[in-house]
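Quick one: structure below, then a few questions.
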């Protein structure tokens, strides 16, 4: 971060407008709790409204219509997007210096674009193709025949098995393994015979993959991650899965083999889907849930097995009502017994 | 893949038989969707029958009794096993060239078998013993005193803590950590005091372990993975666990400390077992389920806590019937109230 | 382990007392099943009482009041703590030899304390500060500007992203990734725009982090792990999370972004918490459970969503009673119908 900014300069960056002092000087961005006089903070989640009121921030980024009396505000149509823009403006990313470290291993048959950076103890195998400005972190391994598009970065220790293809502008974090063997065995008697896993992993452009996530190669053909999909840490994507563009897969979610997921799917934390399913566009799967059957476009589901979210909520309410139902049942039994007794007496009388 | 094969040649490889043209020329194997004229495809899962009918594959591998009119078929008793055999035949595995890379670190006291391959930036510690044709991938670390049996391969970045023993013909994928400390602490007041973890991990022959799986060393004695067991990605096996031979552990499953699992267990994705349990032979644990108590041989369980699968299915059906039950309950209450009212009137009359 | 010990010597080490032969010679410690004549074993979990009776151990470590007739016993107030002390005494930890391996990469601007050990292919970046006796394992990566306190050890392949701070006496296992980018995107139309993740990870003193666990850096400010907290393998801690001191997080648990957890929390295996929550001191979250709302101090919860453990147990009991309830409901319906019929007849008569 090189210099101070005026609040109205930042408003121009994000196409927003200032309520209050347009000349307010902004040195950085900080959370509501930690911001001081020279910081811009942000109120994008209503549950932090009190923190916003109590914050010592010099100015606060808000959505249209949000009022914080006595505050300098920067109003933006999409405040979360504006926050991203401001952070990029104040903290432009530092790229590693181009060049191949003396301590790296790069096969002679590898072809490197302009401005590639390869750090110590990285390995770039035979016949690899790296696009311009690709950055290979320390200890990362790019197996034989891999192709990586321009401006993609591999963080320390990421591993691409042979034949993996990664598009442009991707970010592959540490510990990610792309192209490990799918979990495929033919069981005969008591023996699980390995089925050779001969396919590959293809990651399209603008994908981010979080730390220690594993995406397995297909048995044949491809495991494919669509353009602009973002995958969190410790996620598992099994062999032959296809994930459409624009998806969000939160931490520790998992997709079993050969399942096909449409565009803009959201899988929340620790959720999963069984294998060989067709899951539509725009689906949302709640945290901890398990999709065990095909799912239509725009399905919003929860539970194990996952059902429509409304159905799930109703069933939760019913489950909570169970103690009361049992009590009512006992009362009813008593009333019926009383009626029977009474009728019996009447019949006798 | 070196040459074309006749369909009847492949039939001989798998002990199967041809329906249709025995001279059909096969160049490769492909999925039903992607196969062309020169490809063999396969129909091993009935849900893909339509895809098989629509496939442009030159021939299709099927089980006995499956009919696909107008198609050249290769019928095999165990088609999935036959698929493995054919893939091995057409794509014999390429072994890394033997030899120790100049960029690797191998302790002088390590003993290496014939034809061992050690790639750049791998570390082989003191007193390690590597069997014949062991392959250590780039950046993999074999700690002091480890023993690895013949033809076992460590993929890039796999880590074996000191004292780990891995059998013959195992495949240890990238990011696997064998022998990390078990999660053992003695809590006294507010302090969790580390209990030294002095045992080891023993992996028997013919085991495969998927990317980023962690298997912890025992506090004392062994954590043991039985012969021929296959473990998927991101699985956790805690200290002191014993897993019998022939098991299958799908992705993101986890077994807590000291639990003993018999032969041929199947744990589906994201399932788990608590610690200190005895789990019998041949059990099957459904996806997302949690085994919280001992389990007899051949138990098939689901749910949290896991119960017999039939019981689980019934309880799911009952849970689904709850809304109807509540409605019936209300109707019954009204009927009983009406009866009471009527009897009351009768009594008064 | 250098020499034999007398049982009364070990009693002095742990402040306990001997029942039986104080001169009993102890060579090592072993599990009940594996112990022989020269071994001390231990009975700390009552479910192993029979194994203790059948054990061939020379002596057994027990809590006060535990009787095993005919056995030499070492009684200690906190036997599990005593076990830790005895194991440390018999097996003092071996530290790596100080020194920087010729095959490591250490930036010239890095500052190293006394007795630091850096093993082959480790990378220590610019402006890193390592305290005295820090041990960096093979292939571990310490990014620019990281600070590591004295006697902390990084196991092979652990990765610290730039700016990470780790306290003293921590143990960071293989495959751990500290400081990877938080999963933060501003979605506009169909595009998930990355929000720069500019904060850091701070790990306080005496923390242990298990194999392949990922802890993400905050967007701004810190993700913080409190002093003495112990984290198991394959755990996910998202950006901006704060975990108080003395916590225990078992394998495959996960905490979503910005959640704040108090002191001495226990999260069991495969459990999780949603984002933006406040979770009190001393909470206990059962295995497989999902905390989806704020949680008071000392809350003990289970289920998805997690509720008070007693409520959860009751609801489980109610759920188990459902089949019986349905049967009763049917019986009641029949009885009411019979009553109605009878009254109808009476009315007609």
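For reference, chains read A, B and C in written order, and residue numbers begin at 1 within each chain.
The definition used in the following text is that a residue touches a chain if its C-beta (ideal position, glycine included) is under 8 Å from a C-beta of that chain, and two chains touch if they have at least 3 such contacts.
Bear in mind that the values here come from a model prediction, so they are computed numbers and not experimental data.
Since chain A and chain C are copies that touch, just let me know if over half of their interface numbering is common to both, same, or not, different.
Mostly different residues.
Quick one: superpose chain A on chain B by CA and send over the rotation angle as a multiple of 5°.
120
Taking the mean of the CA coordinates per chain, how far is chain A from chain C in Å?
For chain A versus chain C, the centre distance works out to 25 Å.
Spell out, as numbers or ranges, the residues of chain C touching 2 or more other chains.
Residues 121, 139, 157, 175, 212, 234, 252, 270, 304, 319, 322, 325, 329, 332, 336, 339, 343, 346 of chain C touch two or more partner chains.
Quick one: which bits of chain A touch chain B in the complex? Just the residue numbers, please.
The touching residues are 105, 121, 123, 139, 141, 143, 157, 159, 161, 175, 177, 180-181, 183, 185-188, 190-196, 198, 212-214, 216, 219-221, 234, 236, 238, 240, 252, 254, 256, 270, 272, 274, 276, 290, 292, 304, 314-315, 318-319, 321-322, 325, 328-329, 332, 335-336, 339, 342-343, 346.
Applying the document's contact rule, which stretches of chain A touch chain C when the two form their complex?
29-31, 33-34, 45, 47, 78, 80-81, 83-84, 87-88, 91, 93, 101, 103, 119-121, 137-139, 155-157, 171, 173-175, 208, 210-212, 228, 230, 232-234, 245-246, 248, 250-252, 263-264, 269-270, 287-288, 304, 319-320, 322-323, 325-326, 329, 332-333, 336, 339-340, 343, 346
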